[in-house]
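Please see the structure below; I have some questions.
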Amino acid sequence: MTADNPYIPYFATIEDSWFETGGDRCIKTFKVVFDDPAVRDSWNHKPGQCAMIGVLGEGESMISISCSPTEGKFLRFSVMKMGKVTQALHKLEAGDKMTVRGPYGNSFPVDDWQGKKILTIGGGIGQAPLRPIVEFVKSNREKYAGLTMIYGARSAGDLCFKGEFDQMSKRDDLSCHLTIDIEEEGWDHNVGFVPQMLLDLNPSPENTIAVTCGPPIMIRFVLENLKKLGFSDEQVYTTLENRMKCGIGKCGRCNAGCMYVCKDGPVFSYSVLKDIPEAFA
Amino acid sequence: MLLNKEKWPEFVEKLIGKNLWAPKLEGEAMRFALVAEGEEVSLEYGNTRVPPKGTAFPQTETMYRFQLGNTDMQEPKLEEERILLGVRPCDARAMAIIEKLFRWDYDDPYFLKRREMLTLVGLACNDPGLNCFCPSVGGAPDSAEGLDLLMYDLGDSFLMESVTTKGEALLAETKELLTDSDADAVKTKEKLFADAGAKIKRTVDHIGIPEGLPGLWEDPLWRRVSASCIGCATCTYLCPTCHCFDIQDEVEGFEARRCRMWDSCMFEEYTLHTSGHNTRPTRRERTRNRINHKYSYYVDKFDVIACVGCGRCINLCPVNIDIVEILRQVKEELQ
Amino acid sequence: MTEKPKIGVYVCHCGINISATVDVETVADYALKLPNVEVARTYSYMCSDPGQVLIKKDIKEHGLNRVIVASCSPRMHEPTFRKAIQEAGLNPYYLEMANIREQCSWVHQNIDEGTAKSKKLVAASVAKVRLLEALESKEVDAEPSALVIGAGIAGIQAALDIADAGFKVYLVEKTPSVGGRMAQLDKTFPTLDCSACILTPKMVDCASHPNIELLSYSEVEEIGGYIGNFEVKVRKKARYVDFDKCTGCGDCATECRVKDRFPSEFDQGMGKRSAIYLPFPQAVPAKYTIDPEDCLFLSKGKCGKAPKCAEACRPGAINFDQVDEIVEFKVGAVIVATGFDPFDASRKPEYGYSDYPNVITGMEMERLVSASGPTGGKLKIFTGEGEIEPKEVAFIKCVGSRDESVGNVYCSRVCCMYVAKQAHLLRDKLPDANIRVYYMDVRAFGKGFEEFYDRVRRENVRYIRGNPSEIFKRGDKLVVKVEDTLTATPLEDEVDLVVLGVGLEPRDDMRQTMELLRLSQSPDRFFLEAHPKLRPVDTATEGVFLAGCCQGPKDIPDTVAQAKGAASSAMIPLARGKVMISAQVATVDESTCRGCGFCVNICPYKAIELVTVNRYGHEIEVARVNEALCKGCGSCSAGCLSDSIQPKSFRDRQILPQIAALGVLK
Amino acid sequence: MDLEQLRKTAAEVVARDDVKYLIGWKKGSYGSRVAPAFVEDAASVIELIFSPSCTANLATYLTLVEKTPLPRGQETDKRKVALMAKGCDSRAVVQLLVEKGIHREDVIVIGCPCPGMIDQSLLAGKYGDTEERSEVRWNGKDFTLVRGGDEIEIPRNDVLAEKCRLCRHPNPVISDYLIGEAVKEWDPAEDSGVGELEAKDVDGRGDYWEGQFSRCVRCYSCRNVCPLCYCQDCILDRLNPTWINRAVNFSENTAFNISRAFHLAGRCIECGECERVCPANIPLGKINRKMAREVREKYGFEPGLDPDAEPFQASFKPDDPEDFIL
Amino acid sequence: MSENYEPNIVAFLCNWCSYAGADLAGTSRVQYPANIQVIRVMCSGRVNPLYVMNALQQGADGVLVSGCHPGDCHYMEGNFYARRRLGMLKDLMEFVGVDPRRFHMSWVSASEGNKWKEVVEKTVEDAREAGPFEGFRRRQIDW
């Protein structure tokens, strides 16, 4: 991504990579560092932003940056194995290079949220875009009134960042709640769907911002339930994901109504989103 | 300035050395192509089937080349300056309209560089086509928007009016073939092109449409107008304002390139997510998006309708899906 | 979980077989630069134990997950290397071989060309191996029974061995009796024991063995299925004699209206039989058969007032209404023991076999000297003028063998010895006769052969080195025109009897068997074994084995040995009760299949069917593969317009990169 | 054509409970164009027409039904679809039956014997085009163009579509209802287009097709309009494996067109739709007709006539020609 | 056509007959041109005719497909399908201007090592006469 050509990516080297989950659509997390020190220094993303990452010869894919800038001079991406590009990404290991351009899109207004309680509600791979908020709030804990996380997946094996949750659950300045869809052996957290767990926890909407991301069906029920709990549209945020190619508002496909997800999004307040046709298509 | 038609061959001849592209008959198809011989240039073309947008936004272009396992990337040398002769006003307007998108926040280097190197010499339409409706969407048979130089066919001669400095320069270079224009010529021109405008029968009343369209989201009209759609890209590929593209990597041995090529919102895969989820799963949603994009979203973002009324999508739709007719129904529903 | 492909490339010198015309080091250096190649090595013999250890060690130390061996044909050592990488913990299908020996170093002399080609072949293998998938072989039950086709000595022996091991055997014989060619022989070389004496007990055994179902006068019509599960259809031809009622008394044959009118097949046409006949006295089963072409009643519809055989048969076994019967059964393995045909001597017209009755073949000689033969063992020769006892006898060897003019380049292996044996037998019967043998070479290679040949020569049998060019008649004598090549003397040798030492040829009906079992022929037109040295009884079709002369000319001990070998190989799946079915079968991508059924039509094994599935609430038809029936040929795939059916390991997405590598890399 | 009978039959058909809709033709938006009509109720049958402008092959819509995920519990609409079908259209139906693209019980064929259709571009080229609605009619031997009160007689061969000049089956080969009487078949003209190309040498043909395929914009209208291109997921769109690149240039365009022509060999029923819809004027019909002729003459097979035929590409004869084999 | 032009041939051989025949040629040390590179498939029926087009597009100057003689197919019918499909393809390719000398099909059995040599020589010679394939080769366009 040079000054005069936004389509040309930077190279970044994978410092570490690991599998978060298994199965056909497994999720692999990459920790990458830009090769060019100048890029490393100038790169500045905000929680919620995305980057186009890719493998030369295979293509690029828009992936949310799953770390907070407060964590250090590296980037993290959690990638689910789906199509041609993500399959190629999954074949990379520490020492291999990937291409990165960005950061793209808007971000969560974490500065505006100062002094508020933050509630994240994630499902499956949807926790990846929420993780930067969690990390950002953790590193600026004093500026926020609270941090509650609800996170669920189909089974224990499908939960991302499991180790981090285990660590966090030991802290008393935040609370995290894990759930899986179906009972399984050795699981000592909640069993049930995320939207139900949200109702059960019954968080107060008072001075709270709720951020959700996950499969479309989960988001739909979470939004309904947040409403039931008394959250106003302005208190609810989510991020969208559509098919993208350019990442910079040119190629045309990612629009939901008149909103280009790559530029106007991916973060939307529900107060905006509810009027966008196609947003929940 | 005036160019007597007797001097036309000389005029063309003069431009040939400067990388001249003009409508040319290839097989049975009239299209913009590099001119090698003066007589190849046709003026009897109504309009080309494929618009000249490809001169700034080629159907396929290499973004950069690289070798597998190597971090060097070579950007292609973009083509040299060229002159497009005989561009219709609608197509020139379209260039100006899509330029807004290619400048939106991020400058698109490929489009902008190519565009910069083009000199567009327009030819006003004396005899608009069957399905032309440019006046309805802000154009005219003699609109100069987006052009560098506009020629008016006055019968025996062309009246040449420069629009930009590029156009002026071109006139200066050919000035020995030109004579000064006079009041008569201007009068003839005005009369001719008022007549030309009057010949256009098809109209779109777009008032209220940009604001109204999103409200018709679930209207049954979308199913109705898309029922016969076969999902091809004729309407979009031949549209001078359609600008969507796909990016693909192509590999041969160890050599590879990343390139982009036109894409169409009428294709099923256009919005098909690898998960199998499709935000616009049927032709109904895709047709709705096409109309909305042109007549609402683009207006919302760039304050101009992304349709220049060239009529190509009507002329060439295999199943007679007619945007004027669709917009008439939209209007009807809105009222 | 997809891993990063880590490829090891192993280039074999094969002694100097490869390295003489391929610069193997250059190939390995080149391979190392290809994407995902972690290790590239050369070794003198990759297939050797240390070679395999090298690969296994690298798999462990370098974490390799794909292996390419650039060496000989995969038809040779693919199983070897599959097994090797499996032992190192890799899936055996993560192997690709580049054939740089049979299809490179051995066929190109220029080292630059050989090296360049090897590089490309390795690059194509790299392109493919990265995309190979792990496959799991499946086991299915094997039917604990075998089919043996042909009941000559090979078939009989194989059947007895398998039956003795406790498995059911279906022994199918085309002619009315078991015994085959061996039953026609008189004495056997070099021991001179009587052929009938040693064979007859085995014939009886195989008919009475509780585990053997003998289907004589029967032909295999169809064989479907696969190893462990062959489905066999056999036609039992109508004998027109009730099998159970016939006592074998022979009254019918004696009474037959066309008694002793037809040349006896068993006696090489020198003896005669009736329309209802027993091929030879010791025939097993000892049941009579009516030849429908010879029988007046069956061919003309009328035999006097009534067929006399039926009248003569006291048990009432004659049944003219009998029809062919189809028997179906399943077996786990098949042994082909269809034997040979003696060379047709009329194809060498210069020897006058068709013209002179006193030019006979070795097979005819066997019948002539046999005590049970048409002459009762007496040497009577019809010369045209009458019956004589020959005084001057010439044997000619290599008739129809080692002879390009008749298309048989091979040596028939038995003629040298049977000619020697017959010369010996003649000497016994005609102590005063002059006997000579015309030969090109004498090949007495077997146990006791050379000794026997010595003995015969000492018995005043002259061996003359020369290949006769012509035989013609002069007066009442036959003239053998020949050049004695040892003395360079042209001879015109006048004799009473010429015995042609005809060779062995593939059976004229072997095409049928080939099509039945998908067998191939070697250049000599006999059945092709899977490997000439290491798998001499196996065929390319798994579960099908060869025994006896159908695979190539052999004498009786070799035939019996091979029959025993085939039997023990065939018993492996029967004894295990399970067989592995190939993992390289076709698989359907149901999300793209359009259910047109082209593949169903194409599949020769009926392994594909259309099934209805639910796709997002819609009932749609898609193809589905029965993996046990699929043989992985891939014809379905090339005929699939949506590319939805793909043979594993040979998928389009694995082959197209190979094409690209071969095309693009110069 | 008896429009009364057509509309009466159509009304009867769409009134049935087991019929989803009828696909036919209605007047188009300008000139003498017609457009596909999807008639769901008896009241709408009045818009149905059948005229020499009904050149398109509506059978393509039989397989264009979009199968988007159904909400749980909702069942597929299993009602039949009725289709107005000319000779060529009916052959597409038959070929679809052979290939199980549709099932016989799911379709009602309203056979429309076809006296020959016009080529709109020939008509526009020779007689001008107009925005006003106009109409072309059969007048027994030739055509009549009715425009603004004028009636213009047009010699049949001036505007007859190429596929109709070469047509061998103008009457429906399959139908549940037949509208009017079967037309008298005419002798198909010689395919001079294919013949001219065959007369060239191989390089000449290469040059010719290079000129044509270079213009292809890969809009896929040829594929999408083809009644026999009905794969859910065309192999030419796929990325893994990539048969052809998405790039639009002579190489990929040629590969695209060869692939398509090959897939249609022995399946193409010569309705000429690919050529009609091509915005780049590529004479695709020439390739398909050439292949159809090879299949007919060398292999003795003509697709789309017998619903019980074995599909050409999924069968063989032991004596198929093999003169090309070394 | 350049003087040093060496055609690049891609060949698809069935495992049971032609590949074995080519192996036999090797075992018999029969010499033939090195221009041919073999891709082994289980049956000639596996050869998707579009492979031929793909090979030409990707840099081959000639393509050969070889299988068992009719009636000898290890899979009973695969070569019959191959024959029909590739016969059609050959007609099509010729019609769109691909020199017929660039594509051959042959029947070579496991015992025909010498025939394999002849087939290779013919294929290479024909491709040599036809010259480097320029037609719709991918690399020629836009690269």
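Per-chain numbering from 1; labels A, B, C, D and E assigned in written order.
By definition in this document, a contact is a pair of C-beta atoms (placed from the backbone, for glycine too) under 8 Å apart; a residue touches a chain by one contact, two chains touch by 3 or more.
Keep in mind it's a predicted model, so treat the numbers as computed, not measured.
Considering the contact criterion stated above, the chains in touch with subunit A and with subunit D alike are B, C. Graph distance from subunit C to subunit E, where chains that touch are one step apart, equals 1. The greatest centre-to-centre distance from subunit B, using averaged C-alpha positions, is reached by C.
The greatest centre-to-centre gap from subunit A, using C-alpha centroids, is found for C. Taking the mean of each chain's C-alpha atoms, the chain closest to the overall C-alpha centroid is E. One finds 55 Å separating the Cα centroids of subunit C and subunit D. Distance from the subunit B centre to the subunit C centre is 73 Å, each centre being the mean of its Cα atoms. Per-chain CA centroids place subunit D at a distance of 36 Å from subunit E. The distance from the centre of subunit A to the centre of subunit C, with each centre set as the mean of the Cα atoms, comes to 67 Å.
Listed for subunit C are residues 602, 639, 652, 656, 660, 664, each touching two or more other chains. Counting only residues that touch two or more partner chains, subunit E has 49, 54, 57-58, 71, 77, 81, 85, 138-139, 142.
Annotation for subunit B: residues touching 2 or more other chains are 60, 68, 246, 248, 252, 281. Residues of subunit C touching subunit E in their complex: 73-76, 99, 101-104, 106-110, 113-114, 116-117, 120-121, 124, 511, 514-515, 518, 520-523, 525, 528, 540-541, 584, 602, 604-605, 631-635, 637-639, 647, 650, 652, 655-656, 658-660, 662-664, 666.
Touching subunit A in their complex are the following residues of subunit C: 1-5.
Those residues of subunit E that touch subunit D in the shared complex are 49-50, 53-54, 57, 70-71, 77, 80-81, 83-85, 87-100, 104-107, 119, 122-123, 135-138, 140-142. For subunit C in complex with subunit B, the residues that touch the partner chain are 35, 660-661, 664-665. Touching subunit B in their complex are the following residues of subunit A: 4-8, 11, 35, 56-60, 82-84, 86, 97, 216, 241-243, 245-246, 248-253, 255-258, 263, 277-278, 281.
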